[in-house]
Structures are given as C-alpha cells and as structure tokens.
Amino acid sequence: MVKTRSQKIGLQAGELVFVGNKQRTKAPLITLIDYNEGSFEERDISNLNECPLYKDKQTVTWINVEGNAPEILGKIGECFSIHPLVLEDILNTDQRPKMQEFDEYVFVVLKMFSLHPKTKEIITEQVSIILGKTFIISIQEGLEGDIFNPIRERIRLAKGRVRKLGCDYLMYSMIDQIVDHYFLLFEHLGERIEDLEDAVLLSPTPKTLANIHNLKKEMLLLRKSIWPLREEISNLIRSDSDLVTDNTKLYLRDVYEHTIQVIDTVETYRDMLSGMLDIYLSSISNRLNEVMKVLTVITTIFMPLTVITGMYGMNFKHMPELELWWWYPMVIGGMVAISVGMLTYFKIKKWL
Amino acid sequence: MVKTRSQKIGLQAGELVFVGNKQRTKAPLITLIDYNEGSFEERDISNLNECPLYKDKQTVTWINVEGNAPEILGKIGECFSIHPLVLEDILNTDQRPKMQEFDEYVFVVLKMFSLHPKTKEIITEQVSIILGKTFIISIQEGLEGDIFNPIRERIRLAKGRVRKLGCDYLMYSMIDQIVDHYFLLFEHLGERIEDLEDAVLLSPTPKTLANIHNLKKEMLLLRKSIWPLREEISNLIRSDSDLVTDNTKLYLRDVYEHTIQVIDTVETYRDMLSGMLDIYLSSISNRLNEVMKVLTVITTIFMPLTVITGMYGMNFKHMPELELWWWYPMVIGGMVAISVGMLTYFKIKKWL
Amino acid sequence: MVKTRSQKIGLQAGELVFVGNKQRTKAPLITLIDYNEGSFEERDISNLNECPLYKDKQTVTWINVEGNAPEILGKIGECFSIHPLVLEDILNTDQRPKMQEFDEYVFVVLKMFSLHPKTKEIITEQVSIILGKTFIISIQEGLEGDIFNPIRERIRLAKGRVRKLGCDYLMYSMIDQIVDHYFLLFEHLGERIEDLEDAVLLSPTPKTLANIHNLKKEMLLLRKSIWPLREEISNLIRSDSDLVTDNTKLYLRDVYEHTIQVIDTVETYRDMLSGMLDIYLSSISNRLNEVMKVLTVITTIFMPLTVITGMYGMNFKHMPELELWWWYPMVIGGMVAISVGMLTYFKIKKWL
Amino acid sequence: MVKTRSQKIGLQAGELVFVGNKQRTKAPLITLIDYNEGSFEERDISNLNECPLYKDKQTVTWINVEGNAPEILGKIGECFSIHPLVLEDILNTDQRPKMQEFDEYVFVVLKMFSLHPKTKEIITEQVSIILGKTFIISIQEGLEGDIFNPIRERIRLAKGRVRKLGCDYLMYSMIDQIVDHYFLLFEHLGERIEDLEDAVLLSPTPKTLANIHNLKKEMLLLRKSIWPLREEISNLIRSDSDLVTDNTKLYLRDVYEHTIQVIDTVETYRDMLSGMLDIYLSSISNRLNEVMKVLTVITTIFMPLTVITGMYGMNFKHMPELELWWWYPMVIGGMVAISVGMLTYFKIKKWL
Amino acid sequence: MVKTRSQKIGLQAGELVFVGNKQRTKAPLITLIDYNEGSFEERDISNLNECPLYKDKQTVTWINVEGNAPEILGKIGECFSIHPLVLEDILNTDQRPKMQEFDEYVFVVLKMFSLHPKTKEIITEQVSIILGKTFIISIQEGLEGDIFNPIRERIRLAKGRVRKLGCDYLMYSMIDQIVDHYFLLFEHLGERIEDLEDAVLLSPTPKTLANIHNLKKEMLLLRKSIWPLREEISNLIRSDSDLVTDNTKLYLRDVYEHTIQVIDTVETYRDMLSGMLDIYLSSISNRLNEVMKVLTVITTIFMPLTVITGMYGMNFKHMPELELWWWYPMVIGGMVAISVGMLTYFKIKKWL
C-alpha cells in the first residue's frame, strides 16, 4: 500500500524519480495524434524533437505515453513548460487521484482498475492527463495495453462528436472510458460477493472468512482511490479555467454522476461485507450449538445405560434378581426403553 | 445491483442503448393528454408524428410513455429538443435519482417501488419526468401498470386543483404519487421487521438470521435510492428556473418532508435490524449455555454413580462388604440419594 | 411506526383525512381565551360561528382544540385563512416536528410525550400551533388531558409576564411546557436504564436482553421526534417573521438549549444501552466459562476413577494383587487421593 | 444524569429555583476584590448593600459567590441588571456549558471537574461567570474549596500581568484555571485505563468488565460537558463584543487549543475502552478454548481405557487370553502406551 | 499520553517551563546558518549574543536549536520579539500540531516520528518552526540527531533551488522532510500489519491479540498528531501573510497532498486492524468448534462401546450367550464395526 516511497526521502521537490513497482516498467511508447474536424495525422515520435512544432498549432495535439520514463517526461515537460512538481507527480504512481489547475494547463491524475485475466486480482494503473489549450498529454503505465484505443478509433474514423470538439472533450472521453471500466470491475466484485453470501449462509468455512476479509481489504483500497475522484471531477466542473468549456462540463456532470454511483456501490458492498462477517460469526455459533446438542444427546442416553450395566456387574453376594432368568431381558428392554424415551424427548425439544 | 452496464463500455456519450433487465421491456405504450381549465383531449399517439403540433400549444400537454424503446425516445427527443445525455439517462434504468435543470426544461429521475403481489419481493421501476413550459413527458418502465392512473382520473373529471394549475403542479402530483407508494412499502417492511423481532426473541433459527440479513440488504438498496431523492426534491424547491412556480414549491415542500420521513424510517429500520443481529447472537449464546448446563448436570449426576458401580464390580478377594446382605440396597439407596442431592443443588443454582 | 398512512394514497394534497390511531380520537373540545394586559375572557365555542369576531381583534386570542376533527379544522382554516396543506398536516398525527413560515402566520408541529400511568408505556401525542399576529390556535390530540392548564391558570390569574406580552410569548410558553415534560420522561427512562445496568452486571437473563432491546427501540423512536425539534426551534429563533419578537427569541434560545440537552441525553442513553448489550454478551460468555469449568472438573476427577475400578473388575486369572487384603483399601485410598489432588489443583488454577 | 429538573415543570421562565444536588448546597460566601494596576481592595460583602458603589467604578471589581443562594443572586441580578434567564441558568447546575452575549455583559457557564480525594469519584461543579465592562461576577458551587485562589494570590501580590489588564483577562485566567484542572483529571483517568489494559490482557475477570463499563460511562458524561466547551470558547474568540479585547483573545486561543487537546484525549480514551471490551471478549473465548481442550484431552485419554478395562471385565466363558499370565501386564502396558501416545499427540497439536 | 502537564497548574500563561519527558532533554546545541544566493556562513552560537546582528540582515538566517532549554528560548524570544505564549508552546512537547500567524512571524509546531532502531518503538519528537521575514528559527528535541542535515547539506553545496529562494522555501523543505519520514514509518507499520494478518488467519494466539491491540493504540496516537497537521498546512496555504510566497504555496500544496495520503493510510490501517479483531474472534470460535467436534466424536464412539462391555460384565445367571464361544469375537467385531461406522459417518458429515 505504501510503496517504495522511502527512496525519495532527502531528495529535493521536483526531482524526477520513478516511484512504484519497477518490474512493471517497460520501454516507453510515444504516439502523437494531431487532428481537427478536417485534418488527421498519426505518428510515432520517439525522439520528441518535433514536439515544439505541435505546441502552438491550433489543432488538437494528443501525445500519449505508455510506460514511465523520467527522461522522456523531462523532455516533454521542457517543451510544454510543465511545472517540475507535475512531472514528479506523474512518475509517482503512488499518487492520490487529484486535479490541479495551472494558468496554461490542467493536470489530472486518475486510477485505472482492471482484473488480471487469470488470477482475477485487481491491477491498479495510474493515468495522468495534462490538458492544454491546443494539446493534451496522457501518460499511462501501459500494463494492460492502451485503454484509449476505442477513442483513437473514433478519432480516426471521425465518428461521433470527438473530431468536432476540442481538447477538453477528448479529456472527458478519456475519463469516461476509465470510469466505465469501474463498472466492469464492480460487476465482477458483485458476483464474488453474491457467491460469498451463499457460502456464508449455507456452508461457512475458515476459507470463507479469509475471502470476506480479502474482499473487505480490496474495498478499502478501491475506496481510497475512488473517493478523491469525485472531488476531482467536481473541481473540473466548477473550474473557472477557460480550458474546460461549458459544453464539456455537461458531459463531465454525467461522469460525475457515474462516480457517485460507483462510490455508492463501494459503500453498499462494504456494508454487505460487514454484515456477512456477523452472519459468519452467528453461523459458527449456530454450528457449535448443533455439535453441543449432539454431544449432550449422546451423553444423556449412554450415561444411564453405563450405570445400569455397572450396577449388575457388581459382585454383591445378595443380589437376588441376578438369579431370575427374566431379569436380564427385562434390563435390556429397560435400556432400550430409556434410549427410545430420551430420543423422543430430544426430538420433541427439537434438538435432533 | 450493478446491472449490465458493461455493454456500454466503449460507446460514445449520448448513444441510446437500453441498460437494465431486458426481460422486463415490453412494447411501448404512448398516451397523450392535453388540457387546460376549459379543454380536455386524450389520445393514443403511436407514431408520434403529431408531436410538434402540441409542442408550442399553450395548454398542458402530457405525454406518457410506458416501456423503454430507444427509437421512440429518439423521436421525442428530437421533437422537444432534449439533450442526448438526458435520453441516454432515461434508457439507463440503473440511474440514481437526480434532478437536472436545463434552459428549456427540467429533468427528473425517480425510483418507484412496489411489492410483487406473490413473492413479496420489492420491484424497482424507474420513472423519468421531463418538465417543459407547456409540456410534460413521463417515461415509466411500466412493469406494474400505470401508477399515474389516479392523477389521470382527476384530470379527466376536472377534480381538484390539477386542471387549474400548470405543468409543474402535474409533476408535483406525479412525485407525490410515487413517494406515497413508499409508505405502502414501508408499512409492509415494518410488519416483516416486527415479525422478525418476535422470532428473534422467542425462537431464533438460522432461517431468522437469513431473513434479517435479507431485510438488511433490501434496506441498503432502498437507502441508495431514497437518499438522493431528498437532495433532488430540495434542488427542485431551491431551483431558480421559472418552470417551477412558488405555489408548486409549497406543495413540493410537503413532499420533501415526506421524503425525510421515509429516510428517517429507513435509518430506524436499519438500526433495528442491526440491533436484532446482536439479539440473535445473544440468544444463540444463551441457548448454548442452556445446552451446556444440561450436559453438565447429566455428567455430574451419572459420573459418580459409574464409579460406585465400578467399585463394587472389582474382583478383590477381600471385600467384606460384598458379603453383607444390606450393603447392596444401601449402595442403591446411596446412589439415589446422590442423584437427588445433585438435582436439588442444581435447582438451587438455577441451572434447571 | 409507519401508521395507516396508506389510506391517503391517491388522494389529492390538502384533503382533510385523519391519519393516526382512530381509537384515540374523541369528541373535540374547543376553548377560547381572549386577553390582554387589562381584559380577560374565557369561553367554550363549539359552533365556531363567533370565530371571525376574534380574528381582527387586537387582543391575544387563543383557540385550543382537543381531539382531531376534520370538519372543525376545516371551519377554523376558513376563518383564519390557513393553507389546506397546514390543515392536512395537523390531522396527520404521523407528522415529523417541523416549523413552517407563512406570510400571515407561523405553523409549528411538536410531539408531546407522556408515560401511561399504569403500563409505563410512552404515549406520543401531536401538538400543532398556529401563531398569527393577534391569534394563536393550538390543536392537541387530548389523550392525557390538557397539558396547557398551568399556562391557562397563569393567564387567568394574570401571574407573571404572560398577560403583558403577545401571542409569541404564549407560543413560547407552550413549547417550553412540552419540552419540560421531556425531562420528566427522561428521568423515568434514566431510572430504568440504571436498573437494567445493575441487572446486566449481576444477573443477566434473556428477559434483560429483551428489556435492553425494547429500551433501545424506544430511544430510536424518541430520537426521531426530538432531533427535528432542535432544527425547528432554531428556525424559529432565526426567523425573519415579525410574528416572533426579539424578546421572545431570548426565551426561545433558552428552550433551544433544553432541547440540545435532551438530545445529548438521548445520545448518551443510546451509547449506554449499546454498551450494555456488549456487557450482556460478555456476561453470558463468562457464565458459559463457569459451566464448562465445572464440567471439566467433574470429568477430570471421575474419569480416572472409572478406569481404576474398571481395571480391578477385569477377569484375568493372574492378577496377584486381587489376593492381597490391603490392596483394596489402598485402591480406595488412592482414589480419594486422586480426587483430593485434582480438587487442589483446580483450586490453585482458580477454576473453583 | 437528568437531575431533579422535574420540580421546575409548570414554573414560569426566570423564576429562581435551585436545581441540583441539594445536599451539596452550603451557606453562601461572598467576597469582593476591587483592583487596578495601582490600587487593591479585598472584603467580604455579605449583605450586598455596597454593590451599587462598585458598579460604575472604573476599576476591576470581582465578586465571587460560593454556594447557590437564590436570594443573593436575585440581589446581584438587580444591582447589575442581569436578565432573569441568566440568573435561572446559574441556579440550574444541570446546565450545559455555554456562552451568551448580551449588550452589557457576557455570560459563561463552565464545568469544573475534580476527584474526590478518597473514593476517586469525579465531582462535577458548575462555575458561572458574568463579565461586564468594569465588573466580573463568578458563581461556584464551592464543593472543593475556592479553585480561584491562585489567581487571587497573584492579584494580591500584583504578580504577572493580571493587575495591568482588565476584566476580560481575569475571566481568561479563570477559564484557564478550570481547563488546566481537566489535565489533572485525565492524567488520573489515563492511569486507570492503563491498569485496566494490563488487567484485560493478563487476567480478565467480570470485575474488569464492570470497571471498563464504568469508565466508559464516565467518559460519556465528561464528553457531554467538554464538547460544548469548545464551541463556547470559540464563540468568545469570535465575539464582536468589545468586552473581550484582542489581546485577551490571543490568550483564549491558547485555552481553546487546550480544550481541543482535552477533546482529543476523551475520544482517544473512548476508542481505547471500546477496544478493551473486544479484547475482553476475545480473552474469555480464548479461555473457554483452553478449558475445552483440557476436557477433550481428558476424555480422549480415559474413554478408550474405560472400554479396554470393560472388555476384560466381560464374563464370557471363552476368553482364552484371560488365562495367559502375561496378558494382564500387557494390557496395563498397552493402556499406559495409549495414554502416553495421546498426550504426545496433543502436545504436538499444541493443545497442552 | 497526557504527560506531566499537571506541574503547570496554577502558573500564569507565558511562564517558560519545560513539559515533557525530562530524561530526554540534553545540553542544547545551537547552530546558525546565514545565506543568500551568493554568500554562505555557518557557525555555532552558544551565547546568542550575536543574535541581534542577524535579525535585520536581508539574508536568510536560520537558527537551529536542538534540546529544550528555557533560558535559551527566553533569549531568542527577546531578540526576535516572540510572544511569550509561543515560547511556552515550544517548551510544551505535549503540544498539538498547529500553525499560528502573527504580524511579524508565523509559528508552526510539527510532530516528527521515528522508529527506535532496536525496540522498534515509535519515538515522537516535537519540531517548532518560527518563520520571520529574514530569519527562521527551528527548535527540535534532538533525540535522533538532526533530521535537517540533508537540507543543510544542500544549502552548503548550493544544490537545487534552496539558495535562490527565501525563508519560506526553507520552511517548506523542513516540513517536507518531516512528512517524508512519515512514509518511512508507515512502510514499517504496513509490514507489521501484513505479518499480523497472516498470523491472525493462520495461527491466532493471545499474543496476536495483544499485538493487534497495541498497533491499534499506536494508530490512535499517530492519528491524533497527523489529523491536525492537515489543517495546519492547509492554513499555511490559505494564509494571507506575505511571509509565505505564492511560489512556496505551490510546494506546500504538494506536502498537503502527502499529508492527506498519510491520513488515508492511517484510516485504512485502522479499518484493517478493526477487521482483524473480528477475524481473530471468528478464528477462535472456529477452533472451539474443532475442539468440540473432536470431543463429540470421541464421546460418540466410545460411549456405546462402554455400554456394550458393561452389558457383558453383568453377573446375571441366565445369560446364555456368555456360553457361546463365537459370541465374544462377534461382540469385539461388533464394537469395531460400530467404531468404523461412526468414523465413516463423521467423515461424511465433514467433522473430521
């Protein structure tokens, strides 16, 4: 949860160091799309030398970086005059979702969640977006491929509104894409919760307990990333910056409501998981009760029988009944009667 | 809970796709009522071609759509210039209750709850209302028939205020109708809770536990729909839009108070259900105690008897008491005395 | 809790229907008091025909109605031009405490609590007050007699400030009277809680559990009525209406503080009751422990004895010790020694 | 908790009746100190006739009343024109801490806590302060002597700032004195909590449970008095009244921070006590587990032995092994082996 | 937790008395660094006589005091005209983190956390910073060496921005340094929590319980120090004082976000620890269940065997089966069959 942040202690603010899971870093991939309603251009720009050409061009210039590479970010930062603290935040994948307004651009950090196709673990990825007047820069960790592909496709085919509108609408499309993926995740989690619910009511095992605990922990971590998102988008909507137009704000309001719905879902799931723990505890107590009842029934039936057999095993000289031939079957009969009587009694008391 | 939202991932905002339980969709039914204090007209308008005629007419035009049909909504949207995002929200039955103000109309989404007549399950239905200057459009899922029938009846018979007042009063009547149904639902839930309460105190079974859990979950889901309603109506009351008159706001304040009362009830029910879980756990522990006492009593009485009988079953040569004829009845007597003594002791200790 | 509200479904707002416990309704009793510093008049006005005479008179006119009668309210409403929604609220005894300001009057709903003299159940009664410039109308359910008698007495005897001040001071006196009764109720509840506390620590029984649960539920319901009261009085104090003078607001601030104190008490009581449930559960677990210890002690002592007696009951030919005369007393002695040893051991381990 | 408030029901606001523990009242003691930077005068003024002389004197006049006497308060109220509601509040020792601003004076109610030297019970005492332009009146219940003695001493010796500054600084000194005493109380409570913590982890008894419960209850009551204090001092700081100077507000900010620290401590203690209850329950469950393990071990070892001895106690004619001399020692050996084996098994399973 | 605050009772505000752990105090160490972009001077100033020389110099003057010495603080206070309450707060190591603005300087109190290298206990240290126009005074308790060494090094080597910017940036660097250390602490705590989590799921012991409890308590105390930090830095950012420049505020916003992240982590850890307690309780109940099942299985198998052996140990004359040679092996066979049957039954019921 708190990652390898410690390596940054003692460093000055604004120094570009990657904080996060190193193993996940790969060779960075940079793509540029430049478009307006009429024109469209797409290219790979690995050396970033052409960056300044696009900076002041009045078309929408979208630079997408996959993978975290400090040097590349440094170059981009220089070209588009991005504040060093922003670049530092992009490299720190341990960032909280946030939105920061600057004079020339708006900086947005988001968390992208996806499910590992096999282990079904939740993979968290950081997506940073810098929205300028005529450019938009998006930086992904790039673990699960490029999630913005559907948007790119729409731009290429000039489908829908995206080519007609500016950078801010493109940013909205990205955020919307990410938030939509949350619903996918929660559909999966919802199914897991329903499975757990059945398990906890029908056949609770210590494994069930561990599962509930793990889901609760995942909820805790999801919550930590989703709550600030709400504030973030709300800030975007209320922003005075002329980088975000009123038309786009209407769309952002839509995303905002989705976010609230996601938050509602997280909270509901948490409540449900808490309730399940109570159910689990009750179920175990119930079972203990059942076990104890069996024990008590067994003890209650056989204890008197033991005493009876013991009694006629005593070696007294003067036990006249021992001589009677019908006493033995009678004793056996009595023992059966006691057993049957006890069983009936417990049946009536609903212990069996 | 999170429904089939995933099918929308990758789509552009504003594309009309129905999100929800497909099985519940039926052929859409469209009715139009046009009235003012003097005139009244009611008709089915399946092809929607006459829509534009009513758009600018100064009478109150009420178009009611039962069932979710993307194409029909598309036509209506075009005719009354409704924003695509609004139409999208109407089709998404997974919507949170909300209120959105636009220049030309006010958009309101509500949740309607009813009880399935047989299974007594809670059926949730989405009702969307678009309030314009001279028109009002209501879209229901239409699962349980048209809940606005009493209002329609009153309009037909020119009963009460409704014919004298404008579109906003009609909208108030609709919201009031829906909120009134909440009370019906909560009367039913209140009865179920009282039954559960008796069960949990008198004869708790694992079934009781499952029932408490289910009711708690239902409360959680109801809560999710009812809390935003409060804010929604409050927004309507504080709205600056001239679509909602001050007179109607007075009535909306009345509905607002009903909403708060409903919220109070949900919270009270939740608290009561939480309390019941504690009671349940305590009851089980109590029962375990009872069972254990029985076991202990049985063990305590019969264990010494077993030892006594065992003792006189020993095969020692020199056990002079075995020769005495009165020793046997005395031992039997002693055993009875021990049993009676123990029983008395446990009676005094209130274990029996 | 949610009463017979359902009967109102489908009715139009403002229709006068009594909602509440019908059995509690009785023939309505209407009294009128008209006074100022110099004059005083008191009379029964059953037919309400003289109402208009008092409406514009500059003296303080106090009309008190006991019992809920829709027709009478209708007449009063007409005479003093009260909004139909207000009259509807008065008849709905399922109302939340609230305060509503109108141009010509202020409408206040309060809950009055009293204890049933025999069953000690809490009786809830609704009191509505309409404060106008020169008149004040109070409507009680009238279950437990007229609680405003002390005020009436003071007016009659021209004792204290009440005759010198206007309608608003009279309203304050009424609210103060009602809030004062809350303290009576909480003194009683406080005693019950203290009794329960002793019970739960010394001798918890399932009955104690049920009592805690019931008190908790009562707290829940009281809380629902008392929290809105706070907001209500606070609204009265901050009201811009010239119906409530600054001098009276000073007195209302006093009542406001009493209300906060009552709320504090409710919350404290709730916390205490929650704590008691934990204590109860712990006590039961403690007892179970005690029972189990007894069982274990008994088993541990007698099991070895059983084995010993069993051993010498075996029928082996070659058991030379059976022939020794001192072996038998030695075995008996050994058994006693084992018992005593075990008991000492358990005493040291503090199990006994 | 709710004291004898009921005696006030039916009385008019502003009537001077003492509400509280009557036994604690004693003959009132009135002292007057009049000073400025140069002059100093101290005297007992029992008959209060000289009051008016000091009212308009430009020096700081401090009247301190110990013990609650309605008549004396009445006289003081008349002399300094104090509102009857203020006097009523002073006499009601069941008051919440509060601060009220009037045109001519500021009224402050505080709670003083001290520990009974022997029983270590918490004694609550009400201190009321009326701050005027040139006078300050303090009313204590006077249970534990005069807590303002250190201040008085400083005034007498003209030590520190107090003689140079006005009435408001004197009021600050009083409040500071009272809040400082809270730290004393919490040091004591902190020690008790630490003792309880050790007890609950090492040797929990039902007595520990009762102690936790009592401390929790004390926290609840302390909290009720300390939370409003915060708001009260904050109101003093933000007050527009010219009775409190900016310089004094700087000192009040200091007290304000102490108050927040006290609140933090109360909340931390509450959390710790809640945690302890969980620990207690866990400890009991742990112990039950231990007891049950012992029982199971005993039963598991001796049950098979009983069956073996029983087997060779059977009276079959044809049991050839009974004739073999080495069979008996072998059976005994087998029984020992079973016991040792079981014990080893349970040792490995960590049950012993 | 509440330390030796009691020694201050009765003292006047502003008297310089050290409150805290006396043993931790050591001989104070005072260092002065004076620099601007071009010049740099570093020296020890034990007698503080040269203080006034630096006061009005336009360079950045940084005085760092390690160890709490009332006299030295007195001198510094005099030289830089610091308010006595500020000096008092510096000496009181029991201070809450806070920020106070004065006309000439800003006063900031922070808590520094470090881990004791051996015992791994959390050491809390108070750091106070006074920020003036041209000077900055930092006071540490100096327990774990000077934590500002990396900053000092950067100033010496003129590395990074620090030499180019003013006092406020130096203050930011200090706060940043302290907050960065929080991450170190939480990495350690996170590891401890993960270890505990494994322990609680796999092999819970009473020791685990004590560990959870201790961690929870540490969280409670950390929380108490970290929550006010947030408000403090937020106040610095929103401060109107011209001592903190807009450029520095940008950096402070960065620290502010770190603080929120730390708070998030504390809350998450608390939730996780609470969850663990539930898991612990469930695990113990589970184990009890296991133990009880073993007991029940043993009892159920051996009880019938005991009765059977007892039966054939009875001394009846007429038990013809005793004569049959094949009856004995048949009984033994029957007993084995019963045992195997029972075991199979319990295997199927998943009790074994």
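So that you can tell them apart, the chains are marked A, B, C, D and E in the order they are listed, and the count of residues begins at 1 in each.
One rule holds in what follows: a residue touches a chain if its C-beta (ideal position, glycine included) is under 8 Å from a C-beta of that chain, and two chains touch if they have at least 3 such contacts.
None of these values were measured; they are calculated from a predicted model.
Note on connectivity: the fewest steps through touching chains from subunit A to subunit D is 2. Annotation: 26 Å between the Cα-based centres of subunit A and subunit B. Looking at subunit B, one finds that residues 281, 285, 288, 292, 295, 299, 303, 306, 310, 313-315, 319 touch two or more other chains. The touch graph of the protein chains shown is a ring with every node of degree two.
Remark: ring traversal beginning at subunit B, heading first to subunit C, gives the chain order B, C, D, E, A.
Of all residues in subunit D, only 1-2, 5-6, 8-10, 12-14, 83, 85, 89, 94, 96, 98, 100, 206, 209-210, 213, 216-217, 220-221, 224, 277, 280-281, 284-285, 287-288, 291-292, 294-295, 298-299, 302-303, 305-306, 308-310, 312-315, 319, 322-325, 327-328, 331-332, 335 touch subunit C in the complex they form. For subunit D in complex with subunit E, the touching residues are 150, 154, 159-162, 172-173, 176-177, 180-181, 183-184, 186-187, 190, 197, 201, 250-251, 253-254, 257, 260-261, 264-265, 268, 271-272, 275, 278-279, 281-283, 285-286, 288-289, 292-293, 295-296, 299-300, 303-304, 306-307, 310-311, 313-319, 351.
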